[in-house]
Every structure is written in C-alpha cells, then in structure tokens.
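First chain written, first letter: the chains are A, B, C, D, E and F, and each begins at residue 1.
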Amino acid sequence: MSTTSSTPPAGGLTHFDAQGQAHMVDVAAKAETHRVAVAEGHIDMLPATLQAIVAGTAKKGDVLGIARIAAIQGAKRTADLIPLCHPLPITRVAVDFEVDAAASRVRCRAQVETLGRTGVEMEALTAVQVGLLTIYDMCKAVDRGMTMGGVRVLEKHGGKSGSYVAE
Amino acid sequence: MSTTSSTPPAGGLTHFDAQGQAHMVDVAAKAETHRVAVAEGHIDMLPATLQAIVAGTAKKGDVLGIARIAAIQGAKRTADLIPLCHPLPITRVAVDFEVDAAASRVRCRAQVETLGRTGVEMEALTAVQVGLLTIYDMCKAVDRGMTMGGVRVLEKHGGKSGSYVAE
Amino acid sequence: MSTTSSTPPAGGLTHFDAQGQAHMVDVAAKAETHRVAVAEGHIDMLPATLQAIVAGTAKKGDVLGIARIAAIQGAKRTADLIPLCHPLPITRVAVDFEVDAAASRVRCRAQVETLGRTGVEMEALTAVQVGLLTIYDMCKAVDRGMTMGGVRVLEKHGGKSGSYVAE
Amino acid sequence: MSTTSSTPPAGGLTHFDAQGQAHMVDVAAKAETHRVAVAEGHIDMLPATLQAIVAGTAKKGDVLGIARIAAIQGAKRTADLIPLCHPLPITRVAVDFEVDAAASRVRCRAQVETLGRTGVEMEALTAVQVGLLTIYDMCKAVDRGMTMGGVRVLEKHGGKSGSYVAE
Amino acid sequence: MSTTSSTPPAGGLTHFDAQGQAHMVDVAAKAETHRVAVAEGHIDMLPATLQAIVAGTAKKGDVLGIARIAAIQGAKRTADLIPLCHPLPITRVAVDFEVDAAASRVRCRAQVETLGRTGVEMEALTAVQVGLLTIYDMCKAVDRGMTMGGVRVLEKHGGKSGSYVAE
Amino acid sequence: MSTTSSTPPAGGLTHFDAQGQAHMVDVAAKAETHRVAVAEGHIDMLPATLQAIVAGTAKKGDVLGIARIAAIQGAKRTADLIPLCHPLPITRVAVDFEVDAAASRVRCRAQVETLGRTGVEMEALTAVQVGLLTIYDMCKAVDRGMTMGGVRVLEKHGGKSGSYVAE
C-alpha cells in the first residue's frame, strides 16, 4: 500500500497521478491555516429586467436576497458538485450584489473562509455561479437573453502557495 | 384555501406573488410536452493550460471527460441548487466541449431534454456552469487566472411560450 | 417474485408488510391526480425577538424572506429526509408567514401541490418545519427559548381517500 | 477585501451584516471546543395510533426505531437544510423516544455533540423535527390529525456564551 | 441542434455517443410502463457476528431493520450516485434479509418498481449495496473481515427489452 | 443529561446503547490521527463486455474513468448513505481499476485517508461499491448477468485499535 502521491502528475495538473488517473489529492500534510478566497462574476440583462430587480429589492420581489441565500447554500454544496474537491469546514460566507445600471449588469462577489488544509476558491466560485444562476431563473420569464460572465477568482490568501490577487 | 396563482406578479417576475413573496410557481395546468434547452459557456485560460488539457484528453489526465461527468451530474442537481426550480424528470443530457486554440479557450455546450411541465433551461445552464467549474478546479494549480463567461441559453423548444433561439 | 403488497399490515400501519418489515408502499396502481396539501405551524418567541423580525422584514435583515426560501427548498428534500416517502414531482409550493403580535408568535402555512400518485402532506409539513427551524436559527443569538408547535395538516385534497380538513 | 464582520447587525440578529444582508457568520476566531445541545419535542395522536406504535415497537412494525434512524440522519443534513448553518463535524447523536400514554403522545429528545467552533442546537432541533415527521408519515394512514409541538432547546453547553438550560 | 442520439455507440455501450463521449441517453421516446427489478447480494461474516445480529433482531439492536431503512433510502439516491442514471419516480421498494446460519451469511434481496421510461435495475442494486454496507458498518467493531458478494440482478420486467431472469 | 455512552452495547455491537437503541457513537474523546483504509472488490462479466471496456479505455468510451469519478464522489457521500456513519473530512481518495482478462473481471481498489477521530473503512467500501455499480450501469445494455463480489476491507491503519490487514 502506498500512502504517497509524490510522483509528477500529468501535464502539471495535480489532480492526476503519474498514470494520468484522477484522484482526490492528498492534503493531510498541509497545515490547517486560515484561508480566504474572493470570487466575482456578473450577469448582463436588458435594462427593463434590471429595473424590475431594483424595484423588487427595494420593495417586494427580492431577487437579490434570494440569490444571496442560494449562493451561500451553493458554497456548502461545492464538494458534492465538483468531483475532486475536498469537503471543507467553511467558517464564513459573505455574498454581495452590486447593481451597475450603466452596464445593465448585476455583479456578484463572494468571499469564503475556512480553517482547513486546502483553499476555498472553488467554494467562492460556486457561490458566484449559483447566485448568478438564481438571478437568471427568477428573471427568465421576462428576459431569456441574459448572459453570465467574468467569473473568476479575485483574491486568495493562506496556505503554502501564498496570496494571489488578480490583476 | 386558494389553489390559483393568477394575480399579477411583482415587476413581471413570475416567481413572486401579488404580495412580492417568492413561491414555486404552479405548473400543474401546463401540458407535459417534450422540452429541449441548449446552453453554452466558455473558460479562458493561458495557452499552456489549454495545451495541458489537450495533451491529457488524448492520452492521460482526461480533464474534459471528468468535466463532462460533473456537468451531467450537475444537471440532475439543479432543483437542489436553484431555490424556486421544479424537480424535473430529465430524459437526456449531452455535454460537448470544444477546444478553441486560437482564443485559448474551452467552450462547453449542454443539451438537456425532458417530458415535463416546465422548461429545462436551468438544467442546461447548471450543467455548463458545473462543467466549467470542474475545469477550473482541475487546472487551478497551474493557472489561477482562468475566467468563465458567455454562459447563456442558446435554444429552447417546447411548451406554450414556444421556441427561443439566441441571436 | 411477488409484486403485490396486499397483505394486511401491522396494526393498520401501511408502511409495514405482513411480517412487520418496513417498505415503501406500492403506489403504481394509484391514479396520477392533482393533489394538494396545506400544513401549518408556529414559533413562539419573546416580544423583542418578534419586533426584530418585523423591523427586519420591512427594512433589512429579512428573516421571513429567508425562512420562506428554506421552507420551499425543504419541501423538495422531503423524500431525502423521510425514509419511506416517495419522490414526487412537486408542481407548486407557496409558503406564508403571519406575525401574531398579541401571541408573540410567527405562524407558517405551506401549500404544496403535485400531479402524482400519492399525497403531499409530508412535503407541506416538512416545508413548515424547515421554515420554523430557519427562523429559530436566525434569531437564536437573542432568544434561545423559542418554541415551535402546532405543526399539523390543515387540508388535503385529491386521491382515493378524498379530502381531509382539520377541525 | 474585508475579512471582518464586526459591524453591529440589524436588530441584534447576527445573521445579517450592517447593511441587513444575510451572511454565514465568521466563526474562525471561535475556539474549537466540546459542544453539546439537547432538544425535545412531541407528537400528539389518537390513543389507537399510540397503541399501534407501542405494539409495533415490541413486536413488529418498529415506527420508533425507524424514526430514530431518520432523526440521526436528519442531524447530519442540518447544514443542507438551514441556509446559514455552518457544516459541523458531529461527534455524537443520540435520540430517545418516550411514550406518554396518559397524554396520548410520543416525546422525542435528541442530544448532539461536536468538537467545533459553533453550537449544535440546530442539529438537535432538526433531529427532533425529522424524527417527529417520520412518525407522522408512518401513522398518517390511520390518523391525519396528529400534531407536533413543544419543539425547543433543552440544554446547550460549550462555547463562549456558556451553558443554557431551559426553565 | 441535434435531438437524436441514434448513431452507433462505442463498443455497443449505449452510454457513449459516436465520438465515445459519455451522455445520459435519450429515453423520451420510450413508453412509460410498469417496470420491476429484483436484485440480490450477501455478506459473509463470522458465526459469532451472525449470532449477534440474530439476537439483536429478535430483541434489541436491530441491525437488519436499520439496514433495510438504509437500503430503501439508498434506492432513492441512485441517480445522485451513478453518473449517467436517469432520475426516476420510484413507486415501490421492498427489501428483505434472510439469515443463512449454515453459510454464516446474511442475504439481501431488493425489489424496486416504477412507472417510468427506463428500468430500475440500478435502484435495486444500489439498495442491496447500501443495505450490505450498513450491516458492515454496524458490525465492523467485532468483525473486520466481513465480505460482500453475489450482488447481481435476479429479475427485470417491463420495457421494450422485455423480461430478464438470471439463471 | 448524560454525555457518556460507556454502558455495554447489545451483543458487542457498539452502534447500540444499553437499551438496544441505535445511536451515532461518541467519538469526541478519540484522537484526531491520520487514518487510512483500503478496500477492494470486483465485477465479473462476459469476456465480450470486458473487451468493450478495455477498448473504450484505450480509445473512447472510458467506462473505468467514469467509474473512478463516481467512486471518488461516492466516498464523499458515505455519511449520507450509511445511517450511523460520522461525517469525516476526507484528505485523500485514490481509486484503481485492474482488468483481469483471464478471470473476465475488473477489480477495484479504493484508498481513503483522513485526519479524523474515526476510521474511513466505510468510505473506502462505499467508493468500491459505487465504482462497481457504475461499471454495471454503463455495461448493462450488453450484459445483464454481471455480478459484483469480493468487497471487503484490505487494510486499515491509525486509531486506537491499530492496524488491520486482511489475510
């Protein structure tokens, strides 16, 4: 029985072993440190759709409030959705939406934190994607052409690989 | 007890009742018809990352094969992730990836079908998002700056609202 | 191989076969009809807690909006939670909360509908329970003594056993 | 990027930030201590229903044994069901039922423990609720009027806020 | 957009398209018929372990009752676990255990039924596997060498491919 | 309130308390150590089926690659499937398949690791079972008689009970 996975992976991709087989990589030797990841994304829509969202948030029909809840819950489902993700004890999730009327766009930004042995980028990205999908779902009856984009990691802190901040 | 939900919703958004409260809309009166939705999206990456993916697909370290499985499974989790989505008996899911070397990009296209009372756009979009997230996960060790975008519905057929084809 | 389950169950409880073993009862012979169930329940709390909820709903910190989403999602998880429940294609979920200041209580009422072969009482009851639990969760930092009660089926329509209306 | 959430929340409810937006609160700074929570609840039913349960438990048709399993599994699903709950490494779950023939009632009591950064009241309450729902499900064919109530936290130990014991 | 999947699959395996890519096959054209599948399997153990199980079933510590519940719930999770399985509206699940003292073995037999467009062999097999795994879990403290085997489909009825009965 | 569970369990089976009631055993006092479990199993099939799998793995229609992903994801679902299993922070999962042409059999071997308070045998066994089930699913159209067997724990290390190696 081998308990190591130190052989060089295929193409620099650590999720594969030396034979090119997928595995959930060994993180037992990594330190349990405070890790933070911030991801962002946006959804573009017709101006009238944005107006309906803004009206609802202020008064009734709270699209963004519901999308925020879905995003937070999505972060908790990450290891269920992404095959090689490790289950992680998330210690914090915060999700913000920003309405950009000029661009007819809603921006989403999710911050996820853990005290764990591996990073939470996937949790932050999943939160953003589920938040945007929920906005799409709630507005699709009036606007089928909405498009989601710009989904990426903004910042990442903690762990041996150190900090990453997107340009 | 009221079994109707015919009052005009907030801002034209059907997921809210006349008081602006969210609900899962009544689809019992809709016909059970064959419904198809196609969604697409892409992930941009460094040329070297794309090369690692292409090399793996041909030989070992099959990133796209794993992302396809995750996307198909993601389609089945849609009603779990999106708060107001109806559970649906999916009858088909097909997910294709296309490598665009010139754009240093992988495109994802998902087609979902059902015989049901409501459309499967959300299932197709969720498949695409989970497929792209899985590619991000498997390549993030070599390329943290990958960005996902262009996620939208391409086509939709079946149901009373008829066909929709994106421009 | 026996495909029938017509032997008299233990103590009139249909979830057990003639040997007293639990099973998921056969519903294949039941008609696929429109079925509706309404359930209710409440949570009692300190007047100050109720005030915080009311203030938040009007302005910010929307406890009841979040509990409504959790209740709707809870209805979809019923067959996961209750061992012998059949999975059902829910066609509608509506959840209402009513603030009863005199009783220092929030009432929850959930209506669930399906076109299926078995009733949706469990889905309606689960929606109420998850809605009340979510209120408890969001207010527990200021009021640990909140108590949930009065959780029952109010009405049930459709299916061979006909309508039931609580006294 | 802000990693703090120290601003005063809306109405004393810690699940909202200063803007009234829901978030999963930061527990990273909390100590990982032994935490215990005990919750209780009951379900009232017709005497004949109680008799059927008692008969089954002794001989065949073990309603309470099945409800116990559902309750234990329910405790593990808490973070899936309650939107702002943290996932927690549960270290123990025990569920007891007590038949109160005089009151024609079954009482449920769940004790959940963890070594974690936040309490397990929600897990104990969820266990009780799912246990009671399972009893309802198994007996509903003979008694639709069963009512669940008295669901509350009895005791809570561990963590900075110290012990709580219900009056 | 192609809605057909009629090209000959790789190696006769229908879960792959003409390019060898996995997909969830199209079942929309299949008739919604009554379908039944029966699967079996067993777990071999030390005589003393079997004795503990038998003693518990009769009196207390009901290993088989708990394994039965787990098996029934497992059947409902099949489409979550098996990537290319279709979600199906299960109409019946029955799970039996038989103690074979001579062979120091517990046999498990699961029958699953649906009114659907595809068979339920996977649901029946998953029920058996989860039932056996649960027995292993509950007895592993006294017997680590238990071995599961003989897991196969016994019978299958309904659908275009007709009946299958194992030799 | 009792926080101990030290009374002798029914028949030596630790998953039951002194009254024979099932519980999730208390692991809070156990040390958080590095724990490893290896499980194995196999699926027997017709030679032609094995040939189709082998052809697909090399070129297209990658049955074993998909089964590996399903097995890894299955390991993460263990506590959802097995009623009395503790949720565990898995730190590594590796799954290997070996084609045994002489026996017309595919062998599966799963290794799971954690830094936790209880072992990961159930996670390794679940990975094997889900991997084998996925192979069955993908090949059942050409071979209904496939049989799964030999599923057992090969090795177990870590924890107070020390190492176990199957004979």
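Here, a residue touches a chain if its C-beta (ideal position, glycine included) is under 8 Å from a C-beta of that chain, and two chains touch if they have at least 3 such contacts.
These are the chains along with the protein names UniProt gives them: A, B, C, D, E, F = Cyclic pyranopterin monophosphate synthase.
These numbers were taken from a predicted model, which means no experiment stands behind them.
Comparing the chain pairs C-E and A-C, the larger number of C-beta pairs in contact belongs to C-E. Measuring from the averaged C-alpha position of chain C to that of chain F gives a distance of 35 Å. Rounded to whole angstrom units, the spacing between the C-alpha centres of chain A and chain F is 30. The centroid of the Cα atoms in chain C and the matching centroid in chain D are 16 Å apart. Shown for chain C are the residues in touch with two or more other chains, namely 21-22, 62, 65-66, 69-70, 73, 77, 80, 83-84, 87, 89.
By the document's touch criterion, interfaces exist between A-B, A-C, A-D, A-F, B-C, B-E, B-F, C-D, C-E, D-E, D-F, E-F.
Contact residues of chain A toward chain F in the complex are 1, 3, 5, 17, 21-28, 79-80, 83-84, 86-89, 116-117.
The touching residues of chain A, counted against chain C in their complex, run 62, 65-66, 69-70, 73.
Residue ranges on chain D touching chain C, taken from their complex, read 9-16, 19-22, 41, 51-53, 55-56, 59-63, 66, 69-70, 73-74, 77, 80-85, 121-122, 125-126, 129-130, 132-134, 136-142, 144-153, 156, 164, 166-167. Those residues of chain F lying in contact with chain A across their complex are 34, 36, 38, 65, 68-69, 72-73, 75-77, 87, 89-96, 111, 113-115, 154-155.
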